[in-house]
Each structure stands twice: as structure tokens, then as C-alpha cells.
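Some structures are shown below for you to check.
Below, chain A partners chain B and then partners chain C, in two separate complexes.
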Partner chain A sequence: MSDLALPTSSSSLAHSNQQELKRDARQERFVLFSLCSPALLLVLIIMVLPVGWLFWLSFLGEDGNFTLENYQRMVESKSYARIFRNTFEVSLLTTAICILIGYPLAYFLSQLPRRTANLCMITVLLPFWTSLLVRTYAWLVLLQRRGLVNEWGMDIGLWDEPIKLVHNLTGTLIGMVHIMLPFLILPVYGSMRAIDRDYLKAAANLGASPTQAFWRVFFPLSLPGLFAGSLIVFVLCLGFFVTPAVLGGGKVIMVSMRIATNIELFFNWGAASALGVVLLVLTLAILGVASRVLRFDQILGRGH
Partner chain B sequence: MGKDKSFSSRSRAGIAVAAMALAAGGFVSGATAQEKVTIASWGGSYQDAQSKALFQPAEKATGIAVTEETYGGMSDVRLKVKAGAMTWDIVASGSGSAARAGAEGLLEPLDYEVIDVSNFYPTLKMKYCVGGDVFSTVFAWNTETYGENGPQSWADFWDVEKFPGKRAYRGKVAGALEPALMADGVPMDKVYEVLSTEEGIERALNKIRELKPHIAVWWSSGAQHAQLMKDGEVDMTTGWNGRFDVAINDGAKAAYSFNQALLDYDCFAIPKGAPNKDTAMKFLAEISKAEYQANLPKYITYGPTNKLAYEIGKIDKAVAEKLPSHPDNAKLQLPVDIEWYGKFEQKASAMYQDLVTE
Partner chain C sequence: MERLSLSGVAFLMYFFGNDQTLVFAGQSCATPFSMGRSCFSDRYERFVLNEMTPAASSTGSPANSQAKTPAGGALPITIRDATKAYGRIFALDNVDLDVRSGEFLTLLGPSGSGKTTLLMVLAGFTRPDYGSIKFGEREIVRTPPHKRDLGMVFQNYALFPHMTVAANVAFPLKLRGVSKPEMDQRVEQALETVQLGGYGERRIDQLSGGQRQRVALARAIVFEPRILLMDEPLSALDKKLREQMQIELRRLHDKLGMTTVYVTHDQREALTMSDRIAVINHGRVMQLGTPNEIYERPANRFVADFIGESTFLPVSVQDGVASFGGQALKVAQLPRGDHELLLMLRPERLHLVTNGEEVRDSAVNAFQAQVREMVYQGDSFLMYTELEDGTEVTVRGMTRRDMVSCLPAIGDAVQLALHSDDTVLVSAEGA
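== the complex of A and B ==
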């Protein structure tokens, strides 16, 4: 304090002061950084190392030597490309349907009084508490050739022949959308609740119709939640195993199912880990491109 | 081969087995000198049958304490062997995967001086594993759709004019190519000869391509193909005979035939580094005896591998005639050629996956 009061060597003092401040800032950053080091260490041990090991394994052949055969196999055999396309198709379709159903539902919930909305939210969350397997098999019972849906449909006279609702893409999508919907609704609902109603009143005050106010004010403000939800759904879909395996009837084959087959079929883990590596790289690439095009960071960065 | 991999029954059995293992563990730890083995099998109704027919009686007779666990197949064994942490002494496995695991060096060679296989069907044992039960891959049909005059051969299975209706077929290559060749007119004893070239495999695949528009489901587990028949989701399917019997007893309107079926077997093996290898060998010798083998059909319709089991009068005549390894049934069938699978399965599997995803 007394140093600052000395007027004579103000410039050199200011200089050393700046340095001190910088050092303090550095120290503080370091302390803060070391505070999160347990978390970083955890991420390193349970995320980075295993993924690195996965990469490493994918380059090992049956004799334990370096080889590209695990990747070569994916290029040579036509089924791999089809399975990857299938996986991304199913994931995209599921995400799209989830948005179509989930966004209006979240909007509806967000307009309700809190108490009612919370009650309705419980019905959205209920499926979360039921085992995924149980839900998947329940769909099988409902949708199969002599299942409830087909029998009722024919009893009422909506259709004459049983329609194919399961053991194909339709059944897989129905099951996956049902399971994924809460993952989309929760973040969307959260971001909608956080939107200040005064913005909409202001828009109306300035002459916007309700539709205009929704699209130009409400919708853009709800985008961060929508993107977060879609991203969660999409990424979870990519690794889905049980639902497509049960409802897809062997016709919808996803990467995860092929990984299981390869572990049984080949002696080395590499055959399976190479699939995991390619899925990871493709996913990161797609997310990278998507974030460029859709400008995730700007949308997400807007915050409230 | 994973006939009982239904998720729910398996995990339930897993919990029960784990609880039993805990109880048993607490029990035997006091008696230090007592011999013990840990056995891993597929769980579900299959392991229940094994436990009641083989493990429990043999435990009583030999005094070897048995701990049962469930596992997911040879990939689990590989993991434990490579980690140098084998905890199982005996594993139950499909013959094909046991043969490949043996070739890979995951299993101990069995000592047939200790295990008496003189009364076994000669094809039902090999260096690394000894047969535990015999099952068949058969075709089954819905008796409501076709009446009792169902398909009689693989050619009928393929004949969608005479037998219109939806089919289910296996999603994996094991047991999928042989029927196609027989449907294409290849005599039973020439099937593996034809399959031993790429053209032969392609010929089988083309035959399946023909049927593909009528295949509604590619099944992946025994629980699944039994359910498909029981629910009437498909009119005809391939599958494992024991599973169909369970479904039929459960009210499914289905029947199956042993004609041109594939005769296969499950077996017991000792993994590399098993902690009680010698005891395990003794235990395998015990459960391979006819008197235990004759018990198995009481619990599941899989046949004994020991021929003597049919002669000691413990198996009901009516039950015996339903078993895959009964001489009258066995002669109708094509024994699965493990060597072919060792040589060609990976290649054929890639080609088969191309077909399924087309």
C-alpha cells in the first residue's frame, strides 16, 4: 500500500505490480486447476486410457503383431459399410422423430402451471424406472403379427391382413423413440422453463403475432436445450444394442451388434475394437461437421 | 451353444447361482482338504438341467464340492486366460467354439485315461472337450398353419408354393449353410465336401438368397426362435430341438422333424490355468458316466453322449425316442463337422453377413 503512495518511480512500480498480478493470477489458476485434478485424473483413467488401449488393440492381429487386417476386413466386406450406414440412419431417424414428438410435448408442458407440469413430467419419467428390456419385450408383444395392435386393428376393421410392425425398421424405431424420448424432453423442457415470459410480452407489445413471437423469440431461445437433447439422443442411439436386437428381427443390424458377433467369431479383440474405433471417429467427424454448420458453440454459448 | 441365453432367465439364474455360490463358499472354507471345482455354464433352464442331472448327483457321489457360475462364452474364457486370472475349472460350451478355443490355446487337453469315453459316440469328443449332451438343429413348423402334414425335408422348407408362409432363419452362419445345400439337392454325406470350396459356400448362400424374401426374422437365440413359434410370428423356422419341446409343452402349436437335421453337441472343457485341474478331470470322468448322462433327459430333451445311457434302462422309452442321439433319430441326421467350422467359419461368416445385410 505504501509503495503505491510513492509518486517518484511510478512507471517501474506499475510494471512490477503488473508482473506480481500476473504471477498471482497464474498461481490462482494453478491452484484452481489442481483442485479439478482428481476429476481430470479420473477422466484420464476411465476414458482416455481405455480408448487409447482400444486404438492399440485394433492394430493387433491374431498373432499379436501390428497389422491393418482389422481395418482391411471392413473395407473388403460389404456388410460393414451397410451396418455403419444403418447405424447412422437409425440414429438420425430416431433423433428426428424424438424431436417431432418431444418438442411440442415439452412446449405444452412448459406452458402448464408448475404443479400440473410436474405431474405430467412424472408420466414422462416413469418409463425411466422400468427396465429397458421389459419395455422392449412389451413392444414385441404389442406389435407382432398376432399382437394386440394387429388384432385390435383387424377387429375394428382398420386393416384386413396383419401389418408388419416389428422385426423391421418400423419396430426398431418405435422402440427406440419410446426409450429415448425422456432424454430429449428433459433438456428441452428445462431450457423452455428458463425463458422469461416478458420477452414474449415485449414481442407482442411490439406488434408480433403469437406465431411470430414463437418463431422469432421463443424458438431461438429454446434451441440450446433442443441441441443438447438431440445430441444426447443421437449419441446414445449410436451405441444401442438391446432394442434393435430384439425388435429389428436381425434385419436392423447396428455396429454394437456386429461388435458382439466379432468378439465371438475372432480370436483377437482387434476385430471388434476396430469397429469401435471407426464408430468413434465417424461420430466425432459428424459432430465436428455439424457443429461447424449449425454453430453449436454460438447457440449453446448464448445462455441465460 | 447359448441355447438358453434368454436375458431374464439367465440373470435370474445368475443371481440364484451367485447366492448359492456364496453359501457354498462359506460352507467349504472350513474343510481345507476338501476337493472342489468351479463350473461355468449358460444358465437358464439349460444349466438347471445340468445341475440337477449331473453336477449335484456327482457332487454327492464324489465329495467334490461344486460351485456353479454362469458365463457368456469362450470370449469370457479368453479374457480370463489372457489376464492370468482363471477362476473356473470346467466350462460348458458349444462344440464348435470349444474346438476353436482349443486351437487358440485357451483350453487344457483332456486326459482320456481318466475320462472313460469308450462308450461315447465317436464324434462326440475331441482333444479339448468331452461331449455333455447332444442337440439338433431342426426345422419346426406351425401345426395350425400346415396341420400335421408339415414339411418333411429342407426342400419343403424352401418350397414356398407348397408351404406358403413366413420363415425365420438363423442370423449367424453356424448351422445355416448345410440346410441350404440339402434343399438344393446335395446328398447329406456330400454337404461338407461341397462346402469346402468358396463356390460351394456361394451356392448355399444363393439358395438362401432365394428364400430371403420370405424370411421375416433372422433369429439370434434359442429363446427367440422358441418364442417366434409360440406366438405364431412365423410359420416355419430353424432352431434347437430342446427349445421347441419346451415351447410345445408350454402350449405352442408346433412340431419339428429330425429328418436331415444337424446333429451337434455341447461339451465340457477345462480352461488353461484352471486352479483345480486334476480334480476337474476327475469330475468330468464322473459326469461322463452313463448313469448321470441318463438323468439329463428328465430335465431337458437333449440326448446323452454316452451310448450306454440308453441301455441301462433309466431313460423312459417314450422320452428316449424323442432324443436327438437316439439311434433311430441320429441316423436321419447330418453330424456337424467341427473341422469345417475351424477352417471356414470366419470366411463363411463374412459372406453370410453380406447376404443378411443386402
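== the complex of A and C ==
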């Protein structure tokens, strides 16, 4: 009989505890939340309000009335379509070249002893400590008609006449790849370092040649890092302004540059804001799609 | 300039393959030392396959090595003069070892003894500086790991996390170009062998530790290798599961009949599973023998100390008679050679003499001792005693009804009896 009595009494005890525990948990959540409230306030003031304002501005015509003409212009005008296509092309090309250069480099670094790798990593990160503007103008000097690269190329005899390396797509890509490369190498290197060497040993033991072990085991396991790195580079490229503006010489027009001209030359805040909003929405859409793919991949790549 | 081109090659190697390539490119291949020792026939015992080991049979596992062998037949392994030095430390020091075809041999030793190095040498991940290793008649010192065709279970299993269970098990078959229908059938068969039938579509992170262990085993046996290596495969499992897997692994070995080399630091595991045990310390084989031989007749103090619990008493030998503290000992056999000897006392082999009867038996050595502590454990008791010279000796016994009432108390003087067959002298060397 006492067997029956015991569970009811213990469950009622548990019940009364539950309420107390719930209250405690609520209190703790509130305290923790209040800790981050200054940061939240800051984000609200410097992020949410300006973006909302931008959004608002994009719906205002030159006379200050509510209108959709800024978006209408974008749909109707062919020049805008070209600018968006250009932006995506340049970003994709930059990302692709970064992958081609960055992946093997990250692989090389990941196979080095840790100390040596850390030393090499400093050289990868070195450009971060120099101003973006300085690096971009440095490329301008190097790549110009009578610049170092052209002089050397002709001295060695690779080409006879100075070739056009700057103020065109080539120059833009060289500059952008140089600046974006660390953003790709870091996550790729991180994911490669996390791959247990025993996987490669196991692959070899089961009969995989080094090349087979690389493609069937190492490469798939490094993909999450590669996806993450590529995404960062691609998204950063979409809004890139300084380097394409300087090295593209007006030949390569990206969305960010059009925004600048809209304000500087035409003082058209509405048109500029609309461009900004569209770019923002497109970027978010890409991130949204990619994060699905990424999460899917991380599930597969996780677990030891 | 030469340096430059070399590093260029190294870079390409890094680019196209894993680090293993570089190891092979970088090491100027060690010349395989071919049979430096006179002739090995004197040490090369004929295959005795049907060894019923008491330890293995007592756990209920059928230690019957005459079961059917894999398709290609099991292969013997011959290791001669294997030496590997890291700086001035010898991980392997002139190791000679013959693993018989189809036997379950355990490399047993403390951490850092070189047992794992020896396994890695067999797998091809470490290359010996010196010596020869043969699988059957094939010299394999210079064969890269992926051409050795042996199964291996890694300590952490090393299951590929981006593949399903079935894809993991199919991996070696895919590399060998097995057709899809045959591959599916063999994968399922291997999974059933390790009692994981129907788990093929699971992801690795959905499996428990024990299940991963089984998948690793299935992956290692699915391509029917003639040699199977296992590197402490049970160390990550809890005690109960570990004991269950020990028996399962042993059964599987008997069923598949491949030559198995098993590495562990757990002496009980070694005694339970093995046909023979090689006790390893400081990169050398201290003793090679059946579990019975290793436990009952350890070759030296290290083996006696590492396996089981023992107390050692210094023994002096004169005119072929060993004595301890002036008392002549009746011994099973007197080791040859003139090194210092120790008497090995195992707690379960010492008997408490209750009525002086046993001592009159001519084959018994008796020791006077004083009880220091008494631990009653229900089915057994532990008695910590002190001999006249101050040595502490532990006695373990099973409790019997008639005995409980007359167990000695702390401070009592007791007589301990040791049968001459259990009076084993070991060399003090090799500690």
C-alpha cells in the first residue's frame, strides 16, 4: 500500500519544485538578457535604424513624395541590369580564382608542422595589417603601363609591348583576389586542420592510394570550410567598392560604384537607396540559400 | 638549386596526395635487412595450430584455430631485427617475432613500450630503420600501406564521418573495383557478421561506441584480408561492453581464421583472447608464449610484475639449491644462468595453513608471517601479512563455510604454504 502512496507524494513534491525552478530560470534569463542590452541598443541605433531609413528613402521620389520610380527604373533600364550582371560576374570570378589559389595553399599549410604553419599563417594575414587603400594603390603602381610587372615581363621577354593590366577587368580581379584571399584561406585551413590524420591512415590501410585518399576522404571533409570561405568572399565582393573603383578605372562598374555616382553626381538619394536595398536583399537571399546547403553539409561532416 | 627543386617536388606531393607520399619520397628507403641472423630454422617453430589455451577456453570462447580459413588462406608474419629509433630512444630494439598463420597474437606492454610502433610498422605507417618484415614469403618493408592488403581496426575507429555505415564498409571494396551487386551483398554480409545487419543507412554520428567499433571491424574484414591488425580497439568502451566484445572478437577470429595481431595494455584482455602473447617493454620482446606460459612461468621480473599481482623475495642459489632467508626452497625448476633470482609470490597461490597438515606434505614450502590486515570480501578474503624479514605479502583465498569462523585476526602469527609447482623463480633482470 505504501508503494502506491509514495509516487503521488513524490510527484506532488516535484510539481511544487517545478514552479520554483521555472521562476529561477526566468529570472536568470532576464539577468543574462539585461547584460547584453547595451549591445542590443547599439545594434538598434547603428544598424536597424539606418537600414530602415535607407528603406524609407528608396521609396521617395526627387520631389519627396512616395513613389516606386526608383525600383521601376531598375527594372526598365538596361544599364542597371548590366551593372548587376557585372557585379555578380566579377564576384564569381574573384571567388573562383581565390578557390584555385587558396585551397592548395591552405592544404599545403595544413600539412606543415603546427609551428611552421603558424609562421606561414602570419604571412597570409600580413596584408590585413596594411590599409586597403594603400594595397590597392600599390597594385596600381605595380600594374601600370610602365610599372614593375610590365618592365620585368618585357625584360625577361615574356611579352614585347606593355600590356594593359590595370583599368580593366584583369586589374580589378588581381586586386580583389589579393584582398579576398585570406578570407578564404582561414576557414579552409581551419577545417583542414580539424581533419583527423587517422582518416587518411584508415583510407590508406583500406587500399586507397594517396591521390584516392585525398579525393574520397580529405576533400569531402574539407568542403564545409571551402563553402564557408567561398561564401564570405562572394558576399564581400558583391559590395566591394574601393578596389574595383581604383583598379577598374571606370571600365568595371559594380553596384557600389553606381550608388556612389548616384549620390556624388546626381545627388539622388532615392535611387542610391533603392540600389542599396536591392543589393542587401540579394545578398540575404544568397546567404539564406547557402546556409541551407551549408547546414546540410555540416551535418554530414560532423561527428567523431 | 637542388634544394629548390626538391622542395618543389615536396610541394607537388603535398598538392596531389596526403603526407604519406612525402614520407615515402623523403625517406631514402631503409635497406631491408635480409635474414642477418644465422639461420632462423632453429627458432622457427613448426606451426602448431590447435592450441587450446586454458585462459581462452575458461571464458567460454571456442579457441579452435582449425576453423575455416579465409579465401586466400591466412598468412604468417615474420619479423627479423626490426629496429626503430626516435632520437636516442629505441621504440623497437632488434625485434624478432614470428606470428603463425591464423593465430591470435597479442602485443602486450605498458604505454611507450613500443607495441603500437610494432603494429604501425606492420601496417606500414612507420618504417623500421633496420630489419625485415615478411607476410608469408613477401618482403613488405618498402611496400606502402595501401598495397599491404591488411585489415586494421584503429583505436578511435577512424570511421569516415561523411559516409554512411554502408559506404564506410563498402570503401575498400569500391577501391578494389568490386561490382555493385556483389559489393552490396558483401557489405550486408559483413554487417551481419558483426551483428549490425540493417544498419547500413545510418550515419556514423548516430551510432553508439560499441556499434562504431563493430562497423570499424566490418570495414576491416569485408575485403577478406589475410592479416588483421587491431590497435587497442576496446579501450574506449565501458567495462561490461569490453568484456562482451573480447569474447565476440575471439569468436569472430575463430570463424574467419585470419592471422590477427592485437595490441593492448590490458593483461586480462590479453589472457582472455590470445593464442599467444608477446610481452613487450623498452622496444624488446620480453617473453613470447601462451597465456598459460606467460602467467605460470614468466621469463623475468618485468613479465611477472606486469601480468597478475606478485610480490618478489630475493633468493640466493648455492650448489643448485635456492634458498630464502636460510630456508631451502623446493622449486618447480631452477632457471639456468647465473643472474640474480627472485621468488614470485602470487596472492591466490599462497595458502593459509590452518592445522599444520599441509606443511608435512613434502612438496610444500612454508613461510612464517604475521597478519597486518584482514579484508573480508564475501566470496573471498584478502590478507595482508608481513614475513619475518619485513616483506609484505598478500594472500587471497576463497572463503568456505568451515573457515569463516577460524579466519586469523590482526596480529596473529600464521603459516603460509606454497606448493613447489607454484614456487617460481624469475630473473631479476628486465625490470
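Going forward, the second predicted complex is superposed on the first by the 229 of 304 C-alpha atoms of A that agree within 3 Å, B and C clash if a C-alpha of one lies under 4 Å from a C-alpha of the other, contacts with A are read in each partner's own complex, and residues count from 1 in each chain.
Definition applied: a residue touches a chain if its C-beta (ideal position, glycine included) is under 8 Å from a C-beta of that chain, and two chains touch if they have at least 3 such contacts.
Just so we're clear, the structure is a prediction, and the values are computed from it rather than from any experiment.
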Chain B versus chain C as contact partner of A:144, first or second or both or neither: first
Partner chain(s) touched by A:263 [first = chain B, second = chain C, both, neither]: first
Partner touching more residues of chain A, whether chain B or chain C: C
Touching partner for A:209 - first (chain B), second (chain C), both, neither: second
Partner chain(s) touched by A:249 [first = chain B, second = chain C, both, neither]: first
Touching partner for A:196 - first (chain B), second (chain C), both, neither: second
First, second, both or neither for A:83, with chain B first and chain C second: first
In the complex with chain A, residue positions of chain B that touch it: 7-8, 73-75, 78, 97, 100, 104, 166, 171-172, 216-220, 231-233, 345-346, 349-350, 353-354, 356-358
Contact footprint of chain B on chain A as seen in their complex: 73, 77-79, 82-83, 86, 133, 144-147, 164, 167, 245, 249-251, 253, 258, 261, 263-267
Residues of chain A that touch chain C when the two form their complex: 104, 107-108, 111, 196-214, 216-218, 220-221, 299-304
Residue ranges of chain C touching chain A (in the complex, touch as defined): 11, 14-22, 123-125, 144-152, 154, 156, 158-162, 171-172, 175-176, 203-205, 219, 223
